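Per-chain residue numbering starts at 1, and chain names A, B, C and D are given in the order in which the chains are listed.
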C-alpha cells in the first residue's frame, strides 16, 4: 500500500479516518486509537474535525496517523476509513486512497436507497470489510452507541495492532466511568476483534506485526491545548480567567482540573472582557496570569490588551484561531487572526506575538510567553489554531525545550526607591517594575498616556518618548530572540518557503518532496511573529529565486508583512478552505512557478 | 411493511387520528422551518419550541412579521428552526440587536431567545437596560444551567457544586436566579415555565407574546447530554408547582416572595402595563414636533 | 436507451459478456455488475493450479477494474445480493442497499453442493468453487499429507490428480453415486478409476463417507460405510455445484434447481433474465431440463440474454454444448441433474 | 384510559388481524403471544391452558401442526431471520404442563338438547368439546375402535406418538362427552336416522377417499394410495415395500409415506412432484428431514402411466412446465408434449390428497344435502359439517378451528342466540424490557435423533423436544406483538429522543395520516411537515427504552387480546389469557 508523505515501511505507516455523524463517537474512538498506538510505542498524529452541534447531523472525522517514525503532518489521504455512518462516509471516500480500506456496518437498521451506502461506493481496488457493528454493539452494550469501539476491535485485528494495547487504552479512556462502562466497552472491542478474526478475509497489506515496540505507557498523547495548559502550569501560572469558546475551552478544562493542585486559580468569567480584565488585574498584582480564547473572544479582549500594553502589564493570551469573520466556522481551522493579534488596537500598541508550529512547541512557547511577558512587561499573544489546538501528538515534556527560545531573566531588574519611576526611560525600554505589596514603591498605572511616574500626561514630548520606549522593548526582544529556523541547503535556492504556525509541517514536507525531485528548496519558519524578524527574512529572501509564503488564510496576512520587509513580491500560497493548507498545495505552487 | 406503521383499531386508534389532525389544523407547523432542529435528541428545547409555536399559531402572527433574534449557544440555533426572519447574532448581544430591530420597525413581533450563558453571562449587562427601556420584546431564556454548545462548562445558573468541564472539582459559584433578577429589574412581564410540560408553558408564552412591553420568560430545561444529575427531567417533574390562583400579578413584592421561596413555581409572577420604548419614542417625537 | 438500468448479478464469463453487449447496444443506459467476490473477473479453471502453487493470483485475472471504468460499467465488487423483488424491480444487497433496475440478468453461477446426508458434519468438509475456497486450500497445502476426497464431480478428478502429482496421499471414496451427476456406463466408470489409479490416487470402490471427526486443528478421521476410519488432514467434498440462487427464493421466480427460463432466457418474471450455470432450460431434444456449462457456453448465453434484454428476440435453442473432456475421457453431461 | 376496555368494534378486530399476525394466521385463533410469554416466564401449565382453549390438542399440534402462524411471524420478515418456533414452543408447554390443567373454564347450564357428532378426529373432538361447554348432551360416533381419526391412523408414529393422542382426546371426553365406536355412517345409521334421534347432527367424518392419478396401471399390485398405506402401517398391517420406491405427490402424506418406506427397508426412495420444491405446502424442515433420511425429491415431472404386467415395474413421466395463473397467481404445472421418459420402480405410492367418502347413499335423506363450505351449515335444518368433511382435506388446526366455529352455529341453532363471540380486550400494560440482543438469537433447532437411530425402529419419535433452556431461549425471541407501544401525540414535544435510542429504528417522524382504506402514515424528514412521532408496531421489539426515556412520559403500552366472550347466566365470561393476571408466572 502506497502510504503518506514520510518514508518508512509501507505496512506500518497508516492514516486511519473514523467518520460518522456527530455523536457517533468517531472522535472518542480516534482518541483511544491514538492512545493505544502510542502506548505500543508508535508515533501518532491526530487531527479531528467535528461540527459545532453537539449531536445533530454534522460530519465528524477522527483522523489518526500511526507510524513507526515521527510524523510531520497528518496526511490528507486516508489508508483506512472506518465508516460509522454512511452519508458522511461516502463523501469521505474522496480522501481515501484508490487501494484504501473501508470498514463499514454490514447491518444497519434499515435499507439504504441506491447509492446511499458507503459499501456500494467502494471502487474496484478498494477493500471493504463489512462487520455488523450495530448488532455487535447491541450485544455488548445494549445499544448502538458502541459501534465505534466495536470498529476498533476490527482495526486491531486487521492491522495487527496489539489487542491488549487497545484494552489498556479503553480502560484508561473510561477510567472515570463505572466498572460496567469499562467492561461493556471492552466487551464491544472484543466482539469486534473476534468477529473480524472469524469473518474477515484479510486482503490488505497493512500489518504492524502485532508486536508492540517498547511499551511507553507514560507517554502523553496530547493536543496543543493540553500542551498549552501544561506550559502554563510549568510556567507557574497563578490565575487563569476564561470564557468557554471553541476551540480554546479545553485549555480551561485542563487547567480547571490541574491548576488548583499547584495553588493556582481558575476563574470562569461571564465573558471575555471580564476574562482579560481579570488577567490584566492579576498581572498588575504581580502574578502570572493567562487567558485563552478564539477570534470572537479576542475581538472583545482587544481593549484590555491595549490597556495592558499602555500600562505595561504582563499577560499571556492564547488565541486558538478558527474560521472567521464573526462567529464564523467554530470548528474549522484558519490562521486569520494574525493581523488582529499584531495590530488590533486603538492607537499604536506594540506587543509580542508568538506562534508554535507543533504540539511540542505549544508547550514550549506558552511557557516562554510568560517569561517574555514578565521580562518585557507586556501582554504576549500566542497564536494557536484549531488544527494545533485539537490535533494530538505524542509528547515528552521538557523544560529545556522552552529555553531554545531564549532566556530573559536578566531583564527582571529589582526596582529601587527614591525616587521610583515606574516607567523610567532605559536603553532596553524595560523599566524596573514594582507591583502591589512592595513597600515604598507605590504608584498608579493607567490607560491614559503617562509620564515616567505613571501620572497622566498628554504632552507631545512625553507621548513621543513613551511611544518610543514601548516600541524599544520589542526591538530588544527581537535582538535577543534566537534567529528563525531555516531549513534546506546553504547558498542559493530555487524556491524559498516562508511559513508559520501549524502550516510549517506541510511546508517542511513540501520542501522535502521538492528536494527529492531535485529542486533546491529551503524554508524559513519564524516562531516570533511580531516583532518581525526583518533581517533574517531579507537575508533568506536574498538567497531565493522564488519566495513563497504559505499560510492557512485567504489574503496572505503574513505574506503582506514579508513583502513589506523584503521589498519584493512573494507568491502567496494561502487558502482558507476549512482545513489545514495541504502539503500538495505548496508543492504544486512551487512546481507550477518553477515549471 | 415498515413504511406503514399501522396503528389501527377503532378504540385503539381514535385518539391518534384525532390528535394528528389537531396538530395539522393547529397551524403550528407553519412556524417551523423545513430543517429538523439539530439539538440533541431529548433536549428540553423541543418542549419550549413546541409551546412557543403553539402560542404563535394561536395568535396568528404572520410569518413575515416575526423576527427571531438570538445570540450564540444551543438556543441560539433557534432562528434556523423557525419560519420567520431570524438573526443569529453574536454571543451575548442578542438583546441589543433585537432592541435595534424593534425600535427600527415596531410592527414586527420580536422574539429573543438565548441560553443562560448568553443572557446572564456574557450578555448579562444588557438585560437590565432592555428591561429599563421596556422595549416590546419577548425574551425567552432557555435556562439549562450549562454551556451545551461548547460541551458542558459551568454557566451562570449551574447549581453550586455541580461537576462540569470547567469545574472538575465542582462549581464554587452560587447560581443566578433569572426570575429574581427580572423582578429586581422590574421587567414588565415576568414568568417561568418548564420545558417538560409544554401544556403549561404554552399559555405563558401566549401571554408573553401578547404583553406590550418587555416580557421575560424563563424556561427551565434539562440538558440531557451534559447534566445527568441536577437539572434532569426526573428531578424537575416532581418539583413543579403552579403559582397559586390568588397571587396578585401586579404585586411586585408578592412576586419576589414567590421567586425567593424554595418551591419551583411556574406561571406569571408579575406584569404591569407601562409605556414601551416605542411609546416613548412617539411621545418624544410628538414633543419635538411641538 | 437513457433511463434504462441494466443490472447483471455475477462477474463471470456470462456476466461480462452480457455487460459488453449491453454497453455497446445501449450506449446511454446504465450498466452495473454486482458480484459478491472482491476479486475481479478471473479464470476459474486455473484454481486447481493455484492451490498447489502452479500459478499466482495475478495469473488468474481476466479483466482489471480499469476495463470497467473505460467501458462505463459500474462494477460493484464484494457486494452480495440477498434478494430481489421483481414487483418493484429492486435488488437488495447484503450491506443493505437497494438498487433499482429496469432489466436484470442473473448469472451468478454455482456454489459447491453438500448433500443433506452429510449435513451432520459439513463443518469439517472442505469445498472448492471460488478463489476464496482456493485461497484456504493453498494455505493448508504445505501441511497436507493425506487427503480424503468424496463425491466425485469433474473437479474432483482434476483436484485429486493435481494433489497426487505434488506428492500428497489421496484417498478417493467411490460409491454408486460417485460420478454424480454424470450418468456413466460401467466401462467409463472403470476407466475413470483406472485413470485416477495411474496418477497415484488410492481409489476405494463402493465406499462412502458416513462421518467425520475432528481430532485436532486440521486433523480428521473420515469414517466410511465400509467401516474404514481414515486419518487425514482434509476431507474434500466434491458433489458438484448447485446454482447459487438461494437468494432468489421467495421472489416469485420459478426455481427448480436452477432458475427456469424460456428459450429467450427470460425467467417467469418480467424483466428478469438468467444465463450461465444457474439458468435451467427445457430441451425438447433431451426431454429434460438442462444447464449448459463451461466457459464458452456461459459467454454465448450471456450475450444472448443481453440481446434479448435489449429488445431483440434471440432463441437459445439449438444443440446442447455438453461434451467435456476430463482426464482425456469424453463425457456428455449437464452440470447437475436431480438430487 | 380505563382499566380494561372490551371492544367489538370491527376496526379493533382488524387491528388484531394486522398487528398480531400469528394469532390471526392461526385458524383456531390461538393466543400465541400470551402462551409464549407464559413459557418465557416459567408458567408452562398456564401456557398449555391458553393453548388448549383455542386449539384443544396442544401436544398433538406441537408436533404436527402445519404452522400457518409461523408464516406470519414478524421475526420471519425479510431480513429479520427466522420466525419464532411457535409450534415447537407449543410442544414445550405440552411436555411440561401439569396434569391438573383446566379442562373447562366455563360450562353453560344444561340445555337438555342432544347432538350427534359423526367422527372422532380433530374436528369432531373440537365440535364435541365446544358443544359440551355450551351445556348440550354430545355423543361422538366413531368408525374406528379409538378416537383420534387421522391423527391416529394417517400420521406415522415417529412424528406423533400414540400416548399423546390418547391423553388429549381423553381430556375432551373427560368433560362429559359420550363416545360410541364402531359406527359407520350409512351402515349403522344414515344421516336421516340420526337427525330423527338427535336435535342436531354434525358430520365430521373426515376425508378418507383418496384422489386417484387417473392414469393407466393405477390398480397394478405394488401401487398404494398414500392414506391406505399409512392406515395399514398404523394398524400394524404392514404393506409390502420394494427396494425402489417412488412417492407421487408433495403433501404431508407423501412425506410421511416416503419416510415410512425408509423405515420399512426401502433403500432408494424418491418423491416426485409436478411443481418444484419451492411450491410445496409442507415446511422446509419436513423436506430437509426427508432428505437427511436419504430421500430424493424430483420436481417438474408428472406421471402419465404406471408400467408393468403383473406388478408395477416402472413409471412413465412427462416433464412439466410451470405457468402462473393470471387470476389466482397460483403456479400450475402443465405437461410438456413429447417429453415422456420411463423410470424403473418396485413400489409406487400415490399421495395426492383425499376427499370425503360420504356419498348420496349414506344420507338417507330425500336428496343429497349441500354444505356451505364457509359455515358448515347445510340446506337441511340441524345438519352440519365440520373439518375436512366440510371443505376437503386440509390441516389439523383448520379442522379444530372449523370445529369450534361450527359448534357456535349449532348452539345458535339450538338456543336461538349467539352465545360466544370474539372480542378484543385492551388495557394498559407495563414495561416489557425485552432486550435487543434477543433479536440476534438464532432460532433454536428442534433436537432430533440421528438418522441411523431413526431408521432402526419404525415408531421411535424423531423429534425429541426442547430442553428447558432451549424453550426459554426460543420463547424470548417472540416480539410480543400483542403489546402496542404508542406515543400520545398531543403530549409529544418531537424531541426524537425515543428515535435516537430506539434499537431498531421503529419510530418515525410522520407527516400525514390518510384515513381510508387503511390508516397509513407517511414518513418525513421535513420539520414543518412533522405532525406526529409514531411507533411502527411491525418493527417494534417491545424493548421499552422509549417508554423509560420519554421526557413528557407520553408513551404508553397497551395489551391487546383477541378472546372469547361467553354469555353466562351470571354475566359475560371473558376467556382472558391465564398467566397474565399475575400469580404463577411471576411476570
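Definition applied: a residue touches a chain if its C-beta (ideal position, glycine included) is under 8 Å from a C-beta of that chain, and two chains touch if they have at least 3 such contacts.
These numbers come from a predicted model, not from an experiment.
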Checklist entry - If you tally the C-beta contacts, which comes out ahead, B-D or A-C? => result B-D
Checklist entry - If you average the Cα atoms of chain A and of chain D to get two centres, how far apart are those centres in Å? => result 70
Checklist outcome for this item: Chain centres from averaged Cα atoms put chain B and chain D apart, in whole Å, by 60
Checklist entry - So how far apart, in whole Å, are chain A and chain C when each is placed at the average of its C-alpha atoms? => result 57
Next on the checklist: Can you list every residue of chain A that touches 2 or more other chains, as numbers and ranges?
Outcome noted: 110-111
Checklist entry - At which residue positions does chain D touch at least two other chains? => result 79, 501
Item to check | chain C: positions in contact with at least two other chains | outcome: 92, 96
Next on the checklist: Dump the list of chain pairs that touch, please.
Outcome noted: A-B, A-C, A-D, B-D, C-D
Checklist entry - Which residues, counting only chain D, touch chain C once they are in their complex? => result 78-79, 276-278, 288, 291-292, 294, 296-300, 319, 321-322, 324, 331, 336, 338-341, 450-451
Item to check | chain A residues touching chain C - in the complex, by the definition given at the top | outcome: 104, 106-108, 110-117, 119-120, 122-125, 127-128, 130, 201, 203
Item to check | chain A-touching residues of chain D, taken from the complex the two chains share | outcome: 79, 435-437, 439-440, 501, 503-505
Checklist entry - Can you name the residues of chain C that touch chain D in the complex? => result 82-83, 92, 96, 115-117, 119-120, 249, 254-256, 260, 268, 282, 284, 287-289, 338-339
Next on the checklist: For a test of understanding, state which residues of chain A touch chain B in their complex under the given definition.
Outcome noted: 23, 52-58, 110, 242-246, 249, 252-253, 256-257, 260, 266, 268, 270-272, 296, 326-327
